[in-house]
């Protein structure tokens, strides 16, 4: 099956959900999510079946990279994330309904829920297009598709001040970063005379290139990208938006959006890194960004008491490690080094997907039974629900980078890369970051395992739907499996 | 024949260990049986040792047990050096050991921890045997330590008594300090000569280049002897060790533990001979110990303590002798041999007295025991005679030998000190005998004293005989490398030494008789001597100052400096930084945009700079 | 499945089984006895003649990207790891036996035994791995359960805080270690994580690291491993952690897991960066003297048995470091021997300390006394522990210590080198350890019995068996160190052969 | 032409400044329309007729009307002064000036900008106008991004409905 | 086209307008105005794009790829405005304000 069918199927899925929502009278609109979940599962399976066309002539391939297994991997991330987000959305739907439902008689009690399941699908299609985009235009449009979908989804709880506030903040800063990105695109187009990344790379490799102008364009683009991936100092939106957004959407933002941001970043950085005149400066600035991000993400997380915000800082922290990998880009591609930043980042994001989604999944499952998102609400969880506590423990251990979990290999590869490219400064800060990580992640474990449950909590057992349970189990198994056998993920990168 | 010797030696070594283990594992509940087994084994080892001694005086190679093989440079083995020195020493050790076992059967009859006592006694015999038979330094050190621990168990036998428990600890720790030096010494000798085996060291010691280090090495080795033989400044444990049961005191003081130090020096006399400076130091230390201990003995009231200090004093003689070369060493061993018998006699006699007086140990609360305990008295008196070197008793010959050697070696200073001791010893011993055995009985306990049973007095009588005659050739000949006869040339003329020591003897006894006859209270009052020159107090102060308060201080440092510095400070720094970073996260989107813009400016600036 | 794979996986599978609902104590006991028997069987089948070569090897390749070091789940034993495997197995059996019965555990017994098995599994896995990655990872595996055990089942008010401290310390230590290891791997430009191949590569002429790199590698490994072994001044986690950990955890951690760092230094740091070792020798000497003398004095100041034991275990690490600093056959053999001996003796002492705490509710020296009279068995076994710990001949510790001292003194020079001075300091430490250990013994077992103290019955058989197992091991190895030395000797020979070549 | 450039530039820039400084939202919006008109004129001056027109139609027309509509709908009042407005003013204008300064540096260092525009080939024939050219590009080469934009617009539509419908049915 | 006008002229105007928009974003309190300023920035960026499109002449024509991108940008901007205003309206409905300084319930 040609690869570009995948996005079409996903878009079609979204349309089906919308149509069914509009024209079929459903008692429980949550079954709409099943369409998405099953459909995405099929798409995920199809990912292993795609064919690349023999000929890449034709207009289409100007915008869509071919023979690109990295893109495929990121499409996989997008699909899987969306799938799990839909699973979460089912659990989370009572809260969504509370915030948007229409009290009037006659209205469907679940009005507005169908769109909630359709939008992630469209966003997913956008993310998949981003993974394959190899042209400034397709990068821009796919990126904006995703961004606009996220504006809506973040602000989805339209009676909830927090959600709307998050929406507004994301909107304003997102538009700001889009402005810079567009401005940067304009400059890049101006100095290279092309929108095609391959042609841009050729143009930038020209030794007569004026480095100032190129670096200016680079700076502007980097701003836009740093915003997407949450690198300091363009990370400030993350904690607030993550906190305010509906939890499944936070998960989506934290994994899907970030992963797509990274694939775009990899694509856009490649021409600059390939230019001998620019290489050093680019790496230097990436190093600075990485150091700042590592410090801010990890240190600011230390005093954090709200679990959702903590995960936000953690997402910044992990962005730090990822940027660190970027900054370890080799001067010349090929040669001895084959543990390329691309592979490392892809692996890291794969691992990050598993562990972050696991954490968020536990969080959404609990959201209806425990009072809030503060860390203290998780006190004594081990006594109330050993399974959820264990799941969260695995997730935290993996995020902290304890060996034999997927998260460790992520850090391991990043550190290996840094050692190999002799980025000692980065190593030191990576070390500080990882050390701080131990503290704040395990703090959750302390709450769950070592503290008594809060006085006012009811001791009622927490129910978990079978779907959630299976998803949780699958994630746990994958984390542990990838922790012993990283080939599980690395094999997919190809 | 050699294989027989081999078997015998191993049997001598291992029998007590097996007995100790058996008692510990199986016989604990049958205390009487334990005691008998232990005593029987002591007798058996004595017999074995007699066989060994009868085997002749030549050195025999025996099979060694490969204990640890650490590559080509160091193979630690358990093997025996069976020569005249060790055979003789073994005989002393086992014979005294057997007698102490025998005596203990009576003395410890009703003790609750009888099994434990005899197990420890056997362990002690095992350890002591190991020291004597050792053919290398490491093996000697191994058993050296084991002697330490078994003496710990014996001294602390009555561990409910805080004083006993403390004394045991003190003995062990003081010995450990000595062992600290000993181990360094062993290591230094090893790097200098390349071996830990006595015979190999003897062969290699001539080739040592770094003589200064050799001197230090010998002094370090000597430290071990200072600890075990309770020389200045590590003598403090020995008087306290009187807290143990009296037979233990006899064992430790007479022939075994304290003798081990002297024996060890005799064993490595070739090293001492090669290190002049160290030899001088050893002589001086010995002489000073002899004098200091004698002075302390003057003012003690506890019968066992007086004997303890006299032991110290006599050990001083022996150690002093070790610094005088091969001849001196043999003289020292000679004295060790004679001393073993009369001191065991004195201790057991004291034990009998104490036993009879219902565990009263203060001589001023005794008196008139001459008539109540005639056998004890007479044997005690013979022992005293030997100790104060009444001519023709065993002690006389050995002491003269040491003094003569000192004179011959031109060690005038130590010689003078030793002569003063020769006056002091008769004085305090006479004081003891007069106060305890003569005059009226002073307390009810002394009044009710009855002669002890034969199990206890038979050893006394045997020992009394030895105290008088042991120096003579028919007894000492087979036992010693060099006995009285070999020192004949020293006694060939009635010289300065004889005159001086006889004068000292007469003067000492006379002074004691004059001062103490018929007194019920001590007419002399010298706090400095009574309080042992305040050395214990000094040590206590030093320990408090340099150990306890430094420890407390370091504990404080560890809690409030190191831990905060290594752990809390970085953690706090990170937390503070984290809290500071929250300042940027003020919730206002416009301020975010502002930082965003600043970031853009900075980014562009650095990139196009 | 090779034998070693079974040995390594047995505790982990047992942990899984416990997690899934099999009877906790029984499963744990079965698994640990199984491990012990298998390890003993391995020891019997081990041929000591093969110098330094790994035996019973097995390997499964997990990850192979061209250019990146190959990763495989590989196990194997040489004499040194065999000794540590035996140590783990013995202490594990004792720890499981000492662990309270299910009913006596407040909280989830399932969780208790699961964590215990994981800790042991981590330790065993680390000692048996011949792949650098799993060598590291297995050690870390034990970290989280240790953390939870201390925080959850620990005793004392500050247990959560203590759990924190140990986790952060060990976590950070491991991170530093990780970087050191990565640096070493990439500096040799190698394509494998296989430890023997790595070492062989590092020795290939032209492939050796530059001295500057070696210096960094060794320093990082020293600090990384050092933190795990509570090298001064990174020791402040140890005493409170051991004092507050549940007894079996203290036994396993102080006895077994801590040895990982020392093992790593011998196994990796010395052969990979010999020049670095030489360069940092004096620093190491300084730090180990800190361990011995400074910590020794701190130990003297302790007023509670558990903390005292904690500090003493920190102090004794100094001797092993000294053996490592010596770097020669004698010293390294001694270090390995002492690792084993210390593991057993400290496990014995912690087990007894736990029993005392449980029975009397206190381990304060001032509140105890005179126990030897009414509890002679306890007194005897404790005495074994004390005397083993202070290095009395006849116990295994002595053999190790004396070898270390000789090793540190060895050399052609007839003068006092730095390491010899350090040895003199270490020897004084022997006096110090006698001071505090005898003080403890004196306070708890000698003297009169305090009036308020209610004395329980002496040790039951369920308690005696593990303790006797440990004590018997100590005595057996003490009397015949060759029991273990026969394995250690060829391993160290091989190691030095490689280092020299 | 130069004069026209300066004129329209001024219009665009002052319009922009008007947006920022007017405290009345309606005036801001009107200023914005002016600015867009100036901008559109500049586009046309750069021979980009289609996008110039689009700028007027879409931006100045549709978008700004939407803004105005919302301003009216929400009855947004005149903005109140901040307490420390001067600080904000300095901060914001500082950032703006710094940005411009940096761009000037870039422009002065870069050489491409100093060159004159090359003249276009005068081609008068069917299919050569930029409307024609761009239209063809959009529906031939660029068909794929157009499809994506279609999805984007769908998403936006759905989103706007969900977010702003008074009550969902 | 007269020779006096260079590319720099246009680029400068574009940058200045961009900076003005940025200043507006930082300065204004009304969310709607801020949003307008963001659109202004986007439009300013467009000028650069057009200028470069005109500058990079291809076959005697402006480089139309730039203008096509501009077309997409305008489209996207329109969609963005629609969604953005929807969000702002929704916020106004619940919070009765469009003042950005009052939208700060989540912090730290």
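When the chains are written out, they are named A, B, C, D and E in that same order, and each has its own residue count from 1.
Everything below uses one rule, namely that a contact is a pair of C-beta atoms (placed from the backbone, for glycine too) under 8 Å apart; a residue touches a chain by one contact, two chains touch by 3 or more.
These numbers come from a predicted model, not from an experiment.
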| item | value |
| --- | --- |
| Fewest touching-chain hops separating subunit C from subunit D | 2 |
| Chain labels contacting subunit B and also subunit C | A |
| Nearest-to-centre chain - CA centroid comparison | C |
| Greatest separation from subunit A - chain, by CA centre | B |
| Inter-chain pair with the most contacting C-beta pairs | D-E |
| Averaged-CA centre spacing for the pair subunit E and subunit D, given as whole angstrom | 5 |
| Averaged-CA centre spacing for the pair subunit D and subunit A, given as whole angstrom | 31 |
| Distance from the mean Cα position of subunit C to that of subunit A, given in whole angstrom | 42 |
| Subunit B and subunit E, separation of their C-alpha mean positions in angstrom | 96 |
| Residue list for subunit E, restricted to those that touch at least two other chains | 18, 21-22, 25-26, 29, 34-35, 44, 46, 51, 53, 55, 65, 68, 72, 76, 79-80, 83, 87-88, 90, 100-101, 103-108 |
| Subunit A residues counted as touching two or more neighbouring chains | 137, 141, 144, 148, 151-152, 155, 158, 168-169, 172, 176, 190, 212, 216, 239-240, 439 |
| Sequence positions of subunit D contacting 2 or more other chains | 91-92, 95, 99, 102-103, 105-106, 109, 112, 142, 145, 149, 152, 155-156, 159, 163 |
| Pairwise chain contacts, counting only pairs that touch as defined | A-B, A-C, A-D, A-E, B-C, B-D, B-E, D-E |
| Contacting residues of subunit A [partner subunit C, same complex] | 336-339, 343, 386, 393, 397, 400, 402-404, 408, 412, 415-416, 419-420, 427, 431, 434-435, 438-439, 442, 445-446, 449-451, 483-487, 490 |
| Of subunit B, residues touching subunit C in the complex | 24, 66-71, 73-74, 76, 138, 141-143, 145-146, 149, 156, 159-160, 162, 165-166, 168-169, 172-173, 176-177, 179-180, 183-184, 187-188, 190-192, 208-210, 213, 547-548, 550-552, 554-555, 558, 562-563, 565-567, 571 |
| Residues of subunit C touching subunit B in the complex | 165, 168-169, 233-234, 236-237, 294-295, 297-302, 329-330, 333-334, 370, 372-373, 380, 387, 392-394, 398-399, 402-403, 405-407, 409-411, 413-416, 420, 423-424, 427-428, 430-431, 434-435, 438-439, 442, 445-449, 480-482, 485, 489, 493 |
| Subunit A-touching residues of subunit E, taken from the complex the two chains share | 18, 21, 25, 31, 34-35, 38, 41-42, 44-46, 48-49, 51-53, 55-56, 63, 65-66, 68-69, 72-73, 76, 79-80, 83-84, 87-88, 90-91, 93-95, 100, 103-108 |
| Parts of subunit D lying in touch with subunit A, wherever the complex brings them together | 102-103, 105-106, 109-112, 140-145, 148-149, 151-152, 154-156, 158-159, 161-163, 167-169 |
